[in-house]
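The first chain written gets the first letter, and so on, giving A, B, C, D, E and F; residue counts start at 1 in each chain.
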Amino acid sequence: MAERLDQFRAFREKMNARILESGNLDIKRFFALDSRAYEAGALPVKTKELLGLVASLVLRCDDCVTYHIVRCREAGTTREEFFDAFNVAIVVGGSITIPHLRRAVATLDEVEQMQ
Amino acid sequence: MAERLDQFRAFREKMNARILESGNLDIKRFFALDSRAYEAGALPVKTKELLGLVASLVLRCDDCVTYHIVRCREAGTTREEFFDAFNVAIVVGGSITIPHLRRAVATLDEVEQMQ
Amino acid sequence: MAERLDQFRAFREKMNARILESGNLDIKRFFALDSRAYEAGALPVKTKELLGLVASLVLRCDDCVTYHIVRCREAGTTREEFFDAFNVAIVVGGSITIPHLRRAVATLDEVEQMQ
Amino acid sequence: MAERLDQFRAFREKMNARILESGNLDIKRFFALDSRAYEAGALPVKTKELLGLVASLVLRCDDCVTYHIVRCREAGTTREEFFDAFNVAIVVGGSITIPHLRRAVATLDEVEQMQ
Amino acid sequence: MAERLDQFRAFREKMNARILESGNLDIKRFFALDSRAYEAGALPVKTKELLGLVASLVLRCDDCVTYHIVRCREAGTTREEFFDAFNVAIVVGGSITIPHLRRAVATLDEVEQMQ
Amino acid sequence: MAERLDQFRAFREKMNARILESGNLDIKRFFALDSRAYEAGALPVKTKELLGLVASLVLRCDDCVTYHIVRCREAGTTREEFFDAFNVAIVVGGSITIPHLRRAVATLDEVEQMQ
């Protein structure tokens, strides 16, 4: 299980490096903005990561969901809080998000078992 | 300005009533679930409304954005917090969300002027 | 009210004519395919128009929804059947479709009043 | 082949169980609404499942498409009717849906071979 | 007609100013990246603006389409080239983009009449 | 690596054949329109394939991205031009497109290694 998360991380890191070494400066800047968006500001990190998680779920991107579940967990999100956020996501995004919710809960289970 | 918000509210209430009087019980239940999703639970109301706001921005629904701006404001969201949430939304959703951000900020300005 | 539908039809016809007179043959062919998709085949017209209506609702296109409501009605769709289709659309597409549902029901009310 | 469908079903059932045992009552209610949306009402089951299929295709969710193909088939949808519905989906949703159509037809072939 | 374009520009400029004066530095940086994406690089301005136009059409954002039509025109795009790009957009994005195509052609007509 | 591209091509060809032998004439016509959209016209092939690539990235379809990368490359697109197009796509479509960008760059690497 942890294997699936490891593969995700390895591919992510490898390809991010390939993208950043392309020499396209504006893509590099976009990646920097993406990281900064979740740093503590007027809103705390945990809230921002939850915003990223729900946005990823309603836009239905499994990789983004995986990433934000790991980050939300690191920021102290409890299982009950995750399901509250999941509920907002399926109400806003509808049943079309349910297959992504299934994979999100599988990922959450994996992340919790690793600790 | 407040006029635009009033029209939104009037049409929303009128048509919600028309929908609920249709006799379709499951649509009625969906509307109930939609309301409950933003009630205090493991996550507080303010966080849930911010989740609804960012989900609405990345899915690019002006009416939903208007609704959640009003609710976020009632839950005590500050202007700085709104812009932190807006920033997450445009980073996740891209420049295609910017026209909706313009209307969101116009709505936020109106809501703040009403108080 | 009927005025709103008339304006929609007038703009639609005027611009379709402008598009078709552009001389781009493939766009012309696409428009022909679009019309044929709702003609009677293995599935009857009414079912196909309901498919077009629900697809338009979950993709959240008000003009497309208006068009298919008129066509569904011409094909004999009852108010109860419309709400059954609306229910499928909001369950699949989530609360983000509700503002479009409100406008859809307003359109349905107008169409029914014209007869 | 049937193996792929079996894996889909097994993961779906396992994760649905995980989700429902989370104790989040509103997610449970959403799942119930999702099931009820396809029960016979003013519209028959077959029409509702076709609505679910086309909505899933234009929103491009392979798992949802797989699910509704199985259900449409159980409700008596013929191969010609499936292709009529597929045609509506690609006309509405465009060539971006074609990779999903390929997988949908592969699934339909599998489902037909199982009987 | 030109009036509609003027209103679009006035609201766009007013609200961009409101957004940039919010003090959120990362939103400011995102706006800068958005502008730079269409500057001459390995690809010429005209090609980049056409990329922006087709991306806006398939994502169905009227304001973005209006903006890129004006910019494509300034970069020397001919009516025949516009319709070639429109054709790619409706083939990729399907009939759901047609209402946006109608408004795009109305905008193109306005822009051409202003010159 | 080339293996992954071969599998994509094999499945694509096999299922396209299955779809075209279904006897649904309008789906056949849609496939023909899809091919013609990228033929030389007022715009050259390379520009049209880049339009297809960016449209596929912002709509987040990996198979479509793979297909257009191969075609763009055949039309003479350089690595710098690809990254210019990728930059437009992530600015328009946001960070939600980044997982697709990673896979796009992996595909581009594979395509370049095959030559």
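As a working rule, contacts are C-beta pairs under 8 Å (C-beta built on N, C-alpha and C of every residue); 3 or more make two chains touch, one makes a residue touch a chain.
Predicted, not measured: the structure shown is a model, and the values here were computed from it.
Touching chain A and chain D together: B, C, E, F.
Relative to chain A, the most remote chain by averaged C-alpha coordinates is C.
Each chain gets a centre from the mean of its Cα atoms; the one farthest from the centre of chain F is B.
Looking across A-E, A-D or A-B, the interface that copies C-D in more than half of its residue contact pairs is found at A-B. The rotation that brings the Cα trace of chain E onto that of chain F spans 180°, given to the nearest 5.
Distance between chain centres (mean CA atoms), chain B to chain D: 31 Å. Each chain gets one centre point, the mean of its Cα atoms, and the points for chain A and chain F are 26 Å apart. Counting only residues that touch two or more partner chains, chain F has 26, 30, 33-34, 37, 55-56, 58-59, 64, 80, 83-84, 87, 90-93, 95-96. For chain B in complex with chain A, the touching residues are 33-34, 37-38, 41-43, 47-48, 50-52, 54-56, 58-59, 64, 78, 80-81, 83-85, 87-89, 91-93. Interface residues of chain A, counted against chain F in their complex, comprise 11-12, 15-16, 18-19, 22-24, 26-27, 30-31, 34, 37, 55-56, 59, 61, 63-64.
Against chain E, in their complex, chain B makes its touches with residues 60, 79-80, 83-84, 86-87, 90-91, 95-96, 98-99, 101-103, 105-106, 109. Against chain B, in their complex, chain F makes its touches with residues 58, 90-97.
Contacts from chain D toward chain B in the complex involve residues 26, 29-30, 33, 36-37.
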